[in-house]
Amino acid sequence: MHPLKPVLAVNFKAYHPHSFGVYALNIAKAAVKVRDEFRDVEIILAPPFTELYRVIRELEGVDVKVFAQHADPLEPGAITGYIPLEGLKELGVHGVILNHSEHKLRLSDIFYLIRKARRLELEVLICADEPEIGASVAVLEPDMIAVEPPELIGTGISVSRAKPEVITRSVELISRVNQRVKILTGAGISTGEDVYTAIKLGTVGVLVASAIVKAKDPYTVMREMALSAIKAFEETHKSTN
Amino acid sequence: MHPLKPVLAVNFKAYHPHSFGVYALNIAKAAVKVRDEFRDVEIILAPPFTELYRVIRELEGVDVKVFAQHADPLEPGAITGYIPLEGLKELGVHGVILNHSEHKLRLSDIFYLIRKARRLELEVLICADEPEIGASVAVLEPDMIAVEPPELIGTGISVSRAKPEVITRSVELISRVNQRVKILTGAGISTGEDVYTAIKLGTVGVLVASAIVKAKDPYTVMREMALSAIKAFEETHKSTN
Amino acid sequence: MHPLKPVLAVNFKAYHPHSFGVYALNIAKAAVKVRDEFRDVEIILAPPFTELYRVIRELEGVDVKVFAQHADPLEPGAITGYIPLEGLKELGVHGVILNHSEHKLRLSDIFYLIRKARRLELEVLICADEPEIGASVAVLEPDMIAVEPPELIGTGISVSRAKPEVITRSVELISRVNQRVKILTGAGISTGEDVYTAIKLGTVGVLVASAIVKAKDPYTVMREMALSAIKAFEETHKSTN
Amino acid sequence: MHPLKPVLAVNFKAYHPHSFGVYALNIAKAAVKVRDEFRDVEIILAPPFTELYRVIRELEGVDVKVFAQHADPLEPGAITGYIPLEGLKELGVHGVILNHSEHKLRLSDIFYLIRKARRLELEVLICADEPEIGASVAVLEPDMIAVEPPELIGTGISVSRAKPEVITRSVELISRVNQRVKILTGAGISTGEDVYTAIKLGTVGVLVASAIVKAKDPYTVMREMALSAIKAFEETHKSTN
């Protein structure tokens, strides 16, 4: 049995009303149910800043991680309307997504935040538009990199189907500079099959948004993705053992 | 008796640990106590995004308003790590601070947010570095304008003492284009006396940060400021009645 | 005869190759010819930063003004890749466009630049997306305001035809706070008739881009616009005398 | 004889008046003289956008390269006040500095610009605050990387003296992922000795600003630096041959 688990990371974004209030809690509840059924998948939820507290409280004692969608590359202090990593740590998050294609960061800010997150014992998931950008950030040693071709985000056309070579090339380029970082597949992930393919192409999981967040029943979609992730992961790591 | 009340607005900023967690709650509790003692002052608390939910819950049923420190000038949807006004409304805030000198906005974004806030029935407090900027935003009809010379922010030297002419000139220029907007004095407000002077100079209250947020006992400072605000306000409006 | 002249301002933008090199010079040459024929129109050319020197040299001794398309709100010094107003002044420009809807500025930066431009004796043309924004910047006393609904920019559908009420409302709101500022009509200006209507609606001229810059023969379009501007201007100011 | 030459790159920044007009031309003239005396050094001048044309004209037929200090990560077209790479190419520059610590870029924009520059046959010099950032951008295959600890910029305390380990560590980390990129030393370079040390520490040259730009006699400083560069370069490459 491989110690690592496949990863199912859910970016709530800021859909209205789906990402907020009772809707956000509903996704958290779906994660609790999926977690109860399957131990062999790591679930990460990334609600908006304003919903983090509620989601963290909902997940108390449950082995589901909560990430912020962003952190501002600033020191705490006389700053207004910004959220430094220290404030997120205080709140109890486990990690942070950075450099999403909808919230890109300057290179030096990415490094500043990765380094500070490490000090605060927060995990970092960096998004990369392209394989080369994934390799570039891999040098800075984040915990995870999600490769997301922005032209597929929100389309329902998964990168694993439409551009598998983006994934295989990312795995290749990233591994060349960093073997420890976990690579996720993002953009357009809609079904369990997309998750399955993503893992078969060499990544450890997916970063998914609207397919779960805007679903009528987030639990059903999340469950299907978890199942497929586990299946693909077992097949992959059985074959390599 | 004048229907309007003096305003005591507290910007928590992002001091660590003072603006977060139990510290943030402690300021909320201080506000509850001050509100219990004095009815004739309007209290506004502006914690970081991540603390809004907790502070709002703490103030349930209490006549203290909660404002966000900022809102992103974006429509809800596929946006990551941003907080649109709709998400704040959902959470239950009463209003939002915009264009703080530590988080300045583009002019067109200020107008976009003022207009959307009005539609969502959220109050807007705009910060202005200088009298002319106060007059400029006054044209866009926010609910409140806080004039804060940035060089005094965080110094403990209040604008009402060091640069009273900035305040009187702001009142004059702003009133010329908009008589309805409430004008606040910001920057360096440290004592009840600063609050008293701010109101005597023609504004309806203050925007204060570190003097309360970093105080050993926020309650004592807030209480003193509330008292001075009420005193100055009564004197001013008695004299004009 | 009214001392003021109608204004024909040409934003070169950064079309490739139309805004650069010999193409930029060609527009400058067209302006020289139009200026030779008509004295009663003020022509302003706004090429990209990199073309300013050549265009200024081409126009030496000719009564055509050259504006930059933007200036960075920074003091000269250890700044890399930014152009402060001092550098533009040194070069010999007459003024600067600020806050174009393709390059929006923070409110406090607009004021900083207006104030510095006045000190350096540079004219300032501020762009405003909407009437209220026009009125807001009018408080800061720029020399000119161009009202440009961004949804019409580059469409070839002129605001004077499609949304005349945007222009009349701008004139009304701006005049309420500032009677001295010259108001221009922007967005979608394509023909002499558009220019004519813009002036009849109460503005002093137009800010035009692609219709001249991407024209096969910039001279013909510019000439037609100059003629229409003069005609409308004479009619308007005869009637008001 | 090693085909490669040491590099002396001069960032004019935007000092007033030193970086503009006759002062800018004066630096170009100094470069012509130094180039006449020494063939075995590559000189790069990076004046502000507005001075590029004049400097390029001054250097016509002279083997000195002209770089822009920045390029905007945008396609040419309806953009106002921005300079895309195509406009720079049109003008005749040889390359561009990107991501200077005074003008940092988002990671994806750096990659976009590197790729487009390659297509346009423009050289790219990327600045990096720290060794790790240098290694990160090295993955994206720019032509040159200048490592510049920002805390030393403009101090007159050269990184080669104050923090030689920053340079050696940069060389080590960058070489690990990219052996072709030329590494320069930046920040605080003031004397020929600083240049000598920079090259002895394993880089191919320097990025220098105020020491030349604000010098009473730019020629003397540039000459001294060129001499030291050649000396260090010959010693280094003799020993490795």
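When the chains are written out, they are named A, B, C and D in that same order, and each has its own residue count from 1.
Definition applied: a contact is a pair of C-beta atoms (placed from the backbone, for glycine too) under 8 Å apart; a residue touches a chain by one contact, two chains touch by 3 or more.
Quick caveat, the model's predicted, so the values are computed rather than measured.
Asks: Would you mind checking which chain's C-alpha centre is most distant from the centre of subunit A?
Replies: Looking at centroid distances, C is the chain farthest away.
Asks: Centroid from C-alpha atoms only, then distance subunit A to subunit B, rounded to Å. What do you get?
Replies: Roughly 36 Å separates the two chain centres.
Asks: Could you state the distance in Å from the CA-based centre of subunit A to that of subunit C?
Replies: The computed centroid separation for subunit A versus subunit C comes out at 47 Å.
Asks: Quick check: how many Å separate the C-alpha centres of subunit A and subunit D?
Replies: 38
Asks: In graph terms, nodes being chains and edges touches, is this line, ring, star, complete or other?
Replies: ring
Asks: Okay, what are all the chain pairs that touch?
Replies: After working through each pair, the chains in contact turn out to be A-B, A-D, B-C, C-D.
Asks: Can you list the subunit A residues touching subunit B in their complex?
Replies: Result: residues 11, 13-17, 19-21, 48-54, 68-70, 74, 76-84, 86-88, 90-91, 97, 100, 102-103, 153-154, 209-210 of subunit A touch subunit B.
Asks: Within the complex, which stretch of subunit C touches subunit B?
Replies: Those in contact with subunit B are residues 99, 101, 104-111, 129-130, 132-133, 135-140, 173, 177.
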